[in-house]
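Next come the structures, one after another.
Both complexes shown next keep subunit A, but they swap its partner, so subunit B is in the first and subunit C is in the second.
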Partner chain A sequence: MRKCSLDSLNSVFAKIAEAMALYLPVDGSDGRAVFSKWEDGSVLSNALNTVRSPKDFFFPQSEDLMRFKTEGKNIEIIDIRPESEDFAVFGVRACDVKSFDILDRVFLTEPCDSYYASRREHGVIISLACTRPSETCFCQAFGIDPSTPAGDISCFKTDNEMYWQANTEKGEALLKAIESLTEECTDEAVNEQKEKIRAIMKKLPLASLTTNSFGGGKTTELFDRPEWAELSEACLGCGTCTFVCPTCQCYDIKDFNTGNGVIRYRCWDSCMYSEFTRMAHGNNRISQKERFRQRFMHKLVYYPENNDGLFSCVGCGRCLSRCPISMNIVKVMKKLGGESK
Partner chain B sequence: MQKITKEQLIERASALLRDGTVNHVLGWAQGEFDYDITPAVFSDESSLTGNFVWNDFCGANFSKYLVSKCRTLEGKILVFLKPCDTYSFNQLLTEHRFDREKVYAIGIPCEGMADIDKVKAICGDGISSIDCSGEKLSVTSIYEDSPISVNTADVLTERCVNCKSKKHVAYDELLGDEGDILDSARFDEVAKIEAMTPDERFAFWQNELSRCIRCNACRDVCPACTCEVCVFNNPKSGVENKAPANSFEEKMFHIIRAFHVAGRCTDCGECSRVCPQNIPLHLLNRKFIKEMNECYGEYQAGETVGSKSPLTDYTLEDLEPGEVFDRGDINA
Partner chain C sequence: MNNREETLIPKIGVITDVRIDTPDIKTFRVVTPDGKKAFDHRPGQCAMLSVPGVGEAMFSITSSPTNEEYMEFSIKKCGCVTDWLHQAEVGQQITIRGPYGKPFPVDDEFAGKNMLFIAGGVGLAPLRSVINYCRHYRDRYGKIDIVYGSRSKDDLLDYKEIIDEWMTDAGVDVHLTIDREQEGWDGHVGFVPNYVKELGFDTDKTAVLCGPPIMIKFTLDGLVSLGFDKTQIYTTLELRMKCGVGKCGRCNVGAKYVCKDGPVFRCDELDELPDEY
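Up next is the complex of A and B:
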């Protein structure tokens, strides 16, 4: 483990930025934290987390996939993706780091999504342990320990120091690059901080939330539960929960006629939208209740069923803060029996 | 602190359920915390007693829900309306969007609603409860030994700071006073943007709208947006798009929406309340309202049922296009 003083953090960031683009949470003009590219003078936000999740770096909201050019009877397919360059994302919280495991299983299994894979390959994730979790946090229900985040490098911020621990080869290489600006140290202070955070986690209002009632094999038990009607009653059908979610990964692929060719692009889609997965026979989820149910069944039942019991929620709490009607996965879980008494 | 208590509302709603005047109650349901309140339909007294809540975080405007609930629920619906909600209620009636006969509206006084983000800016994360019953909010945090006292005025939502009216313009029954129209400073921010140079103004909106994630929350909550299928969702419309193709399209969605609701927007402020990216969308709508007021005389959408917006009502005194063009010159 290595450390640097918080006073010298800016020069460490500068050093990393010499080698690759560095993104970190800074306070935006509206006061909310947003991942921004580091430049001299960037100040690391004190906010617990960003409104948008770091999934954006690997799975952007919209991206051009390819271009088609027609000449006579020939169609030329042009790969228009830009060359991927190395980049680092600093300040990723434990919940969001976990979200990459969930996205990887979707995008990196065959057929592998080469757009996503290329970014994963070039991206270095530098996580940051939480010191002041929010009442909306429930990562522990999914077995995540916010005091000990994973990632290529794990960072721990104390009152005066930033501690750096490499977990992967990529992480080792990056720590090597900033070696002159950091010093070798023991993990005493970090361990002390971890204990404090774990004690706080026990005091959080959502500490008793459990996943016991959910998981693979629960489809028939949960699908027709009458509570879905009440839970979805006020849902506006907007896409806020899905778009701020670090694990939602549904997308749509569309062709855009440029006048002299076609650009094929993909963009995030939301199961909350009325035209989601619309097929030739029409729509297979005709009411908001069915769309709403799909989102939560996917996270709590279908995904774990297909992925060795891994839930596709990390308890980051973004949907709790941002849903216009304050309906969210915690309320769904509690209503359907997800609280330990 | 609200003047009227949760208990008073539950008591009145229960009585109306009991005597058969109404079959359902559209109200606010208690959340996990004291601020994450969800609109809900209550159909019996026990659910009211167990779940109904009324405090400083009951911002949701129920008027739009009447469009769908009047179709799906059997019998009569009691709806609680704050003064600003009543304008949306009237506007929807003007547009024949729900059956007035199926609704029993109770007007309730509102002392302004709190913005949880503003509370958190003062108290930080870790809020375990918020007591709204006193003069000040009493915020309990897992990080503090004793509750933090917060002035309600410091955490009011923008729309409540600039409240345009405490008057109920539609109701079957009032709990409290009818209230008065207020002098508000709601156009001040618009005037500031008007005073900018075109480049500054462009940069201002570029910065705000570039944050848009096209979640459509603004549209979906908007009481003026009640199209059965929005053009932006309809594959047959030819302009359907789930994500902006470029930074121009980002602005196009919001500008088209603002034009579409111009003359019908009551300035209820729901769009800005729900925006996850904190974009001041209400400023677009207020610009239109201010513009119409200046060109055609004061007009408040939803003040009465059946009123015609200046944009759909021709009079001989109307401004000539040339005069509008000259005004544009001044603003440039």
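Up next is the complex of A and C:
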């Protein structure tokens, strides 16, 4: 483990930014944290987490897939995939780091999605341990320890220092690049901090939330539960929950006619939208109840069924703070039996 | 540039023949610009066809894999992409990618079995691939029965092939029906599910169904009432798809994705899934 003083953090960031683009959470003009590209003078936000998740770096909201040129009856397909350049994302919380395990299982499973894979290979994730978990946090329900985030490098911030621990080859290479600005140290201070955080976690309001009622094989038991009608009743189908969610990965593929050829692009889509499953012969998820149920059944039952029990929620709490009608996965889990007494 | 394989990037296909089958169904023959099949497939698998600027959609491959020269797609006019395709002329290029999905178990569970194919309307398209595969390898299968129905005589898909080839094959019985009486039709009149019950098949068969959801539902009930077990009955589903490889997230029924775990399902497997298809 290595450390640097918080006073020297800016020069460490500068050093990293010499090698690759560096993104980190900074406070936006509205006071909310957003990932921004580091430049001299950037100040690391003290916010617990960013409004949007770091999935944007690997699975952007919209990306061009290919181009077509048409002439008469003929079509030319133009592969426009660029080779990604190295980049680093600093300040990724433990919940968001976990979201990449979930996204990887979707995009890197054969046939591998080359757009996502290329960014994953070139991106270095530098996580940051939480010191002040919030009342909307429930990562521990999904077995995540916010005091010990994964990632290529794990960072721990104390009152005066930043501690750096490499976990992968990519992480080691990056730590090597900033070696002159950091010093070797013991993990005593970090361990002390971890204990403090773990004590706080036990006292959080959502600490009793459990996944015991959920998981693969629970479809029959949960699908026809009468509670879905009540839970979904006020849902506006706005899709905000899916857009801020670090694990939602549904996408649409669309064509855009530029007037000088066609761009085929991919953009985020949402199972909360009525058009999501609409076909020429009808819609198999006819009302908001079916669409609402799909989202939560996917995260709590279908995904784990296909992925060795891994849930497709990391408890980041973004949907809790952003839903305009205050509906969220925690309410769903509690209603369907996910709270230990 | 990125040299990795990418399933979302299609190949060019050329329409080399357009056959008008019914007032709203045409069958398109597609090859690559150098005159070959775009890829090999198994009966029941699908392909994504697209018209750049209009969109991309999933279609069953109606030709049998034993056809080594080209692929065919029987397409009903019912949306943006299909409307456009229906206006396309021979020589028009489109894009094609695939094959996608789990095929019919033609060399495993179907081997040596008497086969009963039941189709309604454009539902014959995915079954034609497996029917012609079974006809090609005729000695690998027992007796073949085909029940096919549509709204009217004019809506029967592949009528010429049915009359000229299927009906003249030894060991193949074709039972056609149309929904209502029509001049010039002296065959059976009535809906497919009722006709299946009237024909009263022995249960020594493996049944394969495709058609409108309502037809599948009642035909399935009919077969079960004849004594068929759901493990003997297969069907092929269709839901909206974008990627074709289980990533875009929209064609799932419960934990199964129709694009990669289907479209072919055995009916006892469907019973395990929620009723959302």
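Of note:
Note that in this section the second predicted complex is superposed on the first by the 339 of 341 C-alpha atoms of A that agree within 3 Å, B and C clash if a C-alpha of one lies under 4 Å from a C-alpha of the other, contacts with A are read in each partner's own complex, and residues count from 1 in each chain.
The working rule: contacts are C-beta pairs under 8 Å (C-beta built on N, C-alpha and C of every residue); 3 or more make two chains touch, one makes a residue touch a chain.
Only a predicted model underlies this, so the values are computations on that prediction, with no experimental measurement involved.
For the composite obtained by superposing both complexes on subunit A, the positions of subunit B and subunit C are free of clash and fit together.
By the touch criterion defined above, A:200 lies against subunit B but remains apart from subunit C after alignment on the C-alpha atoms of chain A. By the document's definition of touching, of the two partners only subunit B reaches A:135; subunit C does not. By the touch criterion stated above, A:52 is placed in contact with subunit B alone, subunit C being left untouched.
In the superposed pair of complexes, A:269 makes contact with subunit B and with subunit C alike.
Once the two structures are overlaid on chain A, subunit A sits at the apex of an angle of 90° toward subunit B and subunit C, using CA centres and rounding to a multiple of 10.
Looking at the shared chain after the overlay, A:330 reaches subunit B, while subunit C stays out of its contact range.
Contacts of A:30 after superposition: subunit B is touched, whereas subunit C is not reached. In the superposed model, A:61 lies in contact with subunit B only, and not with subunit C.
In the superposition on chain A, A:244 makes contact with subunit B only, not with subunit C. When both complexes are overlaid on chain A, the residue A:81 reaches subunit C alone and has no touch with subunit B.
Once both structures are fitted on chain A, no C-alpha atom of subunit B lies closer than 9 Å to one of subunit C. Looking at subunit A, you'll find residues 252, 254, 269, 278 touch subunit B in one structure and subunit C in the other.
Here subunit B touches subunit A in the complex through residues 31-33, 36-41, 60, 65, 121, 124-128, 142-143, 207, 211, 213-217, 219-221, 229, 233-235, 240, 242-245, 273-274, 276-278, going by the rule given at the top.
For subunit A in complex with subunit C, the touching residues are 65-66, 68, 70, 73-75, 77, 79, 81-83, 106-107, 109, 111-115, 117-118, 216, 219-220, 223-224, 249-255, 257, 262, 264, 266, 269, 271, 276-281, 284-285, 290, 294, 297-298, 301-303, 305-306.
Contact residues of subunit C toward subunit A in the complex are 1-2, 4-12, 50, 52-56, 78-79, 82, 89, 91-95, 212-213, 238-240, 242-243, 245-255, 272-274, 276-277. Residues of subunit A that touch subunit B in their complex: 28-32, 34, 48, 51-52, 61-62, 132-136, 200, 203-206, 230, 233-234, 236-240, 242-244, 252, 254, 256, 265, 267-270, 273-275, 278, 320, 322, 324-328, 330-331, 334.
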